[in-house]
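Presented sequentially are two complexes of subunit A, the first with subunit B as partner and the second with subunit C.
And then the complex of A and B:
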């Protein structure tokens, strides 16, 4: 409820949306000067902040906020390095347990970053570009601009409705279309500004287009699995609040080329910081019932090699779908995970259940005994023990 | 511009009429009589009065409540067939629900339930807290406890369920209520009611 209400109120400040207009912030160069602790000035802006403050009060106490100190310190550290300590101090950062790819910025400087995004970024440079994008919305006061522009345009559309006839309809269409064009221009500006923040902080801006390429691959797989068509090469639609992913990748590639080369990716630091949470984030993803998309995502993450948690996650994915051939594939994947780490009890559990469901009763029970020996206090121990007889 | 608007008005009317029809369908379940539930062979004998909601979560399901379903929700699943979701799809295109299969192990049933709730309620905060073997409808069954919190509502709810596969179909009774006060108050009478469940009169 809150999400829907606020999403409408603060529309367009999310990182991802539906699928541009390039060049709104063309002229690569210096970052905008920072004015210090900013307070809302006009009636409009004060109203917008008041609503955002109210929402943030609820957000702060939400069960969906991940409060792990180490993870929060890491994300905040990357953010502060990206935009600098002064700008960083103006923002509250909330890491949210939401298994989709997104981040949002409210007009008052409350930044949400979703766990599904943390699972999908590959390097600190990518994360920096995204955090920079969100800060750009705040710095450029896009929320306010959108509120005012939207109000003028809906006024025009209303008066055009009074006018009536074909000309009225044409004016209405143009006015409504303008709201979305304006939103897409803001997003493009934030993308480019985010890239510049990252580059100024010593991150490699050439890393950024890859995020959107990977997301398109995943979306294609999801669509294929659900027997829908790919939206990869779609033109931007009338109601799109965001540029298409392809457009964003192309714009970011051009922007990165215009920035000074060099910079670090910080991929190892990112992987290290996410590591304690990766299993939980993978589990959330597995339970979205998106077999094809999740399989592509896992293969993307495993580009650097299949570790035991990734093999286990893929095994769980196959066991979850549960076709006879999936159970065979799952058993093989569990065995690979056990091969890397024989002490991974959850793999023994999964192996046992996959074999049992596939009809290999004796081997399955043996694997379950392995698991129960390692985890006698598991929450489902008595249930699993009942499968042994 | 007109297309979506007409669609929205039509949808609003549909919701209105649907709600009215559902409202009209709410009925009192008398105490001390055996009643069939979820349009199936599943019967229970409640020791106290309940309200049967006219709005059903799915074709083979039925919900009872005492004070309104946000406060106490007793749902019967009366023989879900292979290839069907537990309840009605919420958004089939963008987030389809997983389907039941008669080849599932008993341990797969809590997982199916958890996944269905995560998708339908749009929350990753769903947990299966414990599961244990049980007997239900004369078959081997799984009893499990669960908890969940919905986005934008933040009420912590607790639940208990029992599920069995009988003749290739899934039969399940779930009860959930806010952890504060309501779950503890009503779980006793729910357990008695579940114990009275059987197939046929």
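And then the complex of A and C:
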């Protein structure tokens, strides 16, 4: 399990999982110089690229890739604006239908961004910071550095293991720990560079810490709902590949303060671009069976106001849990959704089912008739019709 | 405190302990199945990866070795088909919906193959539905037919090889560890080959080996590897000259 974790760590670089490294990335606002169309040269790097190329052949044709031209053009547009047209041309971008918050970069420049991330970001500035973070992994060749560092450290750990004894165990522990420390330093560097890319492109870097604050709230709610121990944010665990969300938020806040103030957030553009997909992404989220986490997420998104799709998603969430009190809450939420848009048949369907289950038979059947009249060809039409008699 | 220490030791041994090799069956084919004489076999792009294994056991992929292996294995397959009685046709790289279908079925095949290896080839680990002697009943579903469309081939062949040659450091570690009575494996050489009926989706034959021979970076080694991969192939078994099997 842990070995697989190390292998995954060495193979690709992910956004979520996170001490700042002094050196190349330091100096206010400095960005690394662009080296042109980069080609791998050493045996290690060519090997990594070969594996990544093979992986990308599969990824390219995967059923999980969202091929919607408008959404792809939007994400790519934000990415190109963030890193500039030259750097942008070095990257293939894949928008993936995966409901968790993550983005990953392969050593060869294949960037994946998950739909769960698109659902959770608030503004173009946030998205730009994340895309800049992933590009920084590519530009700074973190994949290669991680392979080389990991190899040296597992070599040391193996010899220490054979030599044995308490001192052997101490050396082993330190060597394995160093792999994760190195990974966290890469992530911090990428966070910092991501903020700088965004700022250089005219985005407000002060938007970035909020992502991690919201993710902590959601993760805490999920942990609570699953009767798990809450995450610790005040100290980093040994095997953490990323700094804690609290650390990342604090580092990004400090980084933003050092950057020139100003820049736009582009929140309206982001909301507009995601809008055609939001219902689908919310539906994916509901299937995660994470009541508390989803409820917090919906309330976060609804800070700008409860729209019809958010009300419907929350109603579905409550009806899915199905306590008698949940059915009452769900019916109320469906009615609010219908109040905003009476032409949304799925709200009538949910309302009907919630009322029926709650014993309000006549009103329930009435609502279901609304649904069936609007969707006579629905896959569940005959099953629902059976509930009407 | 103690349980934390125990967790530590567990985690460390999990990282560093070598994987024990279990006895397994290597090959099985669908009982009573006869291939249509002369029917061609569609070969999907083989999954080939060659590299080194570092002292600590990390895979170090090597692009040159992989390229050499691809060329040698391709040539060796070309020679092997003469003894098989079925021409092997390399599948063209598809585009559009066909590409998506192929990607999905490749992924499905690797899951099915892994399941066969885990739940049928390890006798002690057999699923209750896979315990009958001589049984080999696995399918990918009739949707596989989409992969063969336009090729005129009735069968599809999937191949995978993965090689990690033990580095000098790994071999030294193995020797020193042996003196300390700690078993350490050096190198990974595994692969499988599977044949699918493109009309029904049924898995006709699967041959998997976690300890394969033949240095795929050389022409002779690749011929030996191909001979091992095609062992038990339904129909004629190719035996290339000088393979020494």
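Quick notes
In this section, the second predicted complex is superposed on the first by the 366 of 389 C-alpha atoms of A that agree within 3 Å, B and C clash if a C-alpha of one lies under 4 Å from a C-alpha of the other, contacts with A are read in each partner's own complex, and residues count from 1 in each chain.
Everything that follows uses one rule, which is that a residue touches a chain if its C-beta (ideal position, glycine included) is under 8 Å from a C-beta of that chain, and two chains touch if they have at least 3 such contacts.
All values reported here derive from a predicted model rather than from experimental measurement.
The superposition on subunit A brings subunit B into a clash with subunit C. In the superposed model, A:164 makes contact with subunit C only, not with subunit B. After overlaying the two complexes on the shared chain, residue contacts for A:98 are found with subunit B alone; subunit C is out of touch. In the superposition on chain A, A:50 makes contact with subunit C only, not with subunit B. In the superposed pair of complexes, A:320 makes contact with subunit B only, with no contact to subunit C.
In the superposition on chain A, A:172 makes contact with both subunit B and subunit C. In the superposition on chain A, A:150 makes contact with subunit C only, while subunit B stays out of contact range. By the touch criterion defined above, A:41 reaches neither subunit B nor subunit C. Overlap of the subunit B and subunit C interfaces on subunit A: residues 1-3, 58, 61-63, 169, 172-173, 176. Interface residues of subunit A, counted against subunit C in their complex, comprise 1-3, 6-7, 10, 43-44, 46-51, 54, 57-58, 60-63, 147, 150-151, 153-159, 161-162, 164, 169, 172-173, 176, 239.
In the complex of the two chains, the subunit A residues touching subunit B come out as 1-4, 58, 61-64, 97-99, 115, 169, 172-173, 176, 226, 228, 284, 287-289, 320, 322, 353, 356-357, 379-380, 382-387. Residues of subunit B touching subunit A in their complex: 1, 93, 95-98, 101, 103-108, 110-111, 114-115, 118-119, 123-125, 128-133, 140, 142, 149, 151-154, 156. Those residues of subunit C whose C-beta lies close enough to touch subunit A in the complex are 8-9, 11-12, 14-16, 45, 47, 49, 51, 54-64, 66, 99-100, 102-104, 106-107, 169, 173, 176-177, 180, 182, 184.
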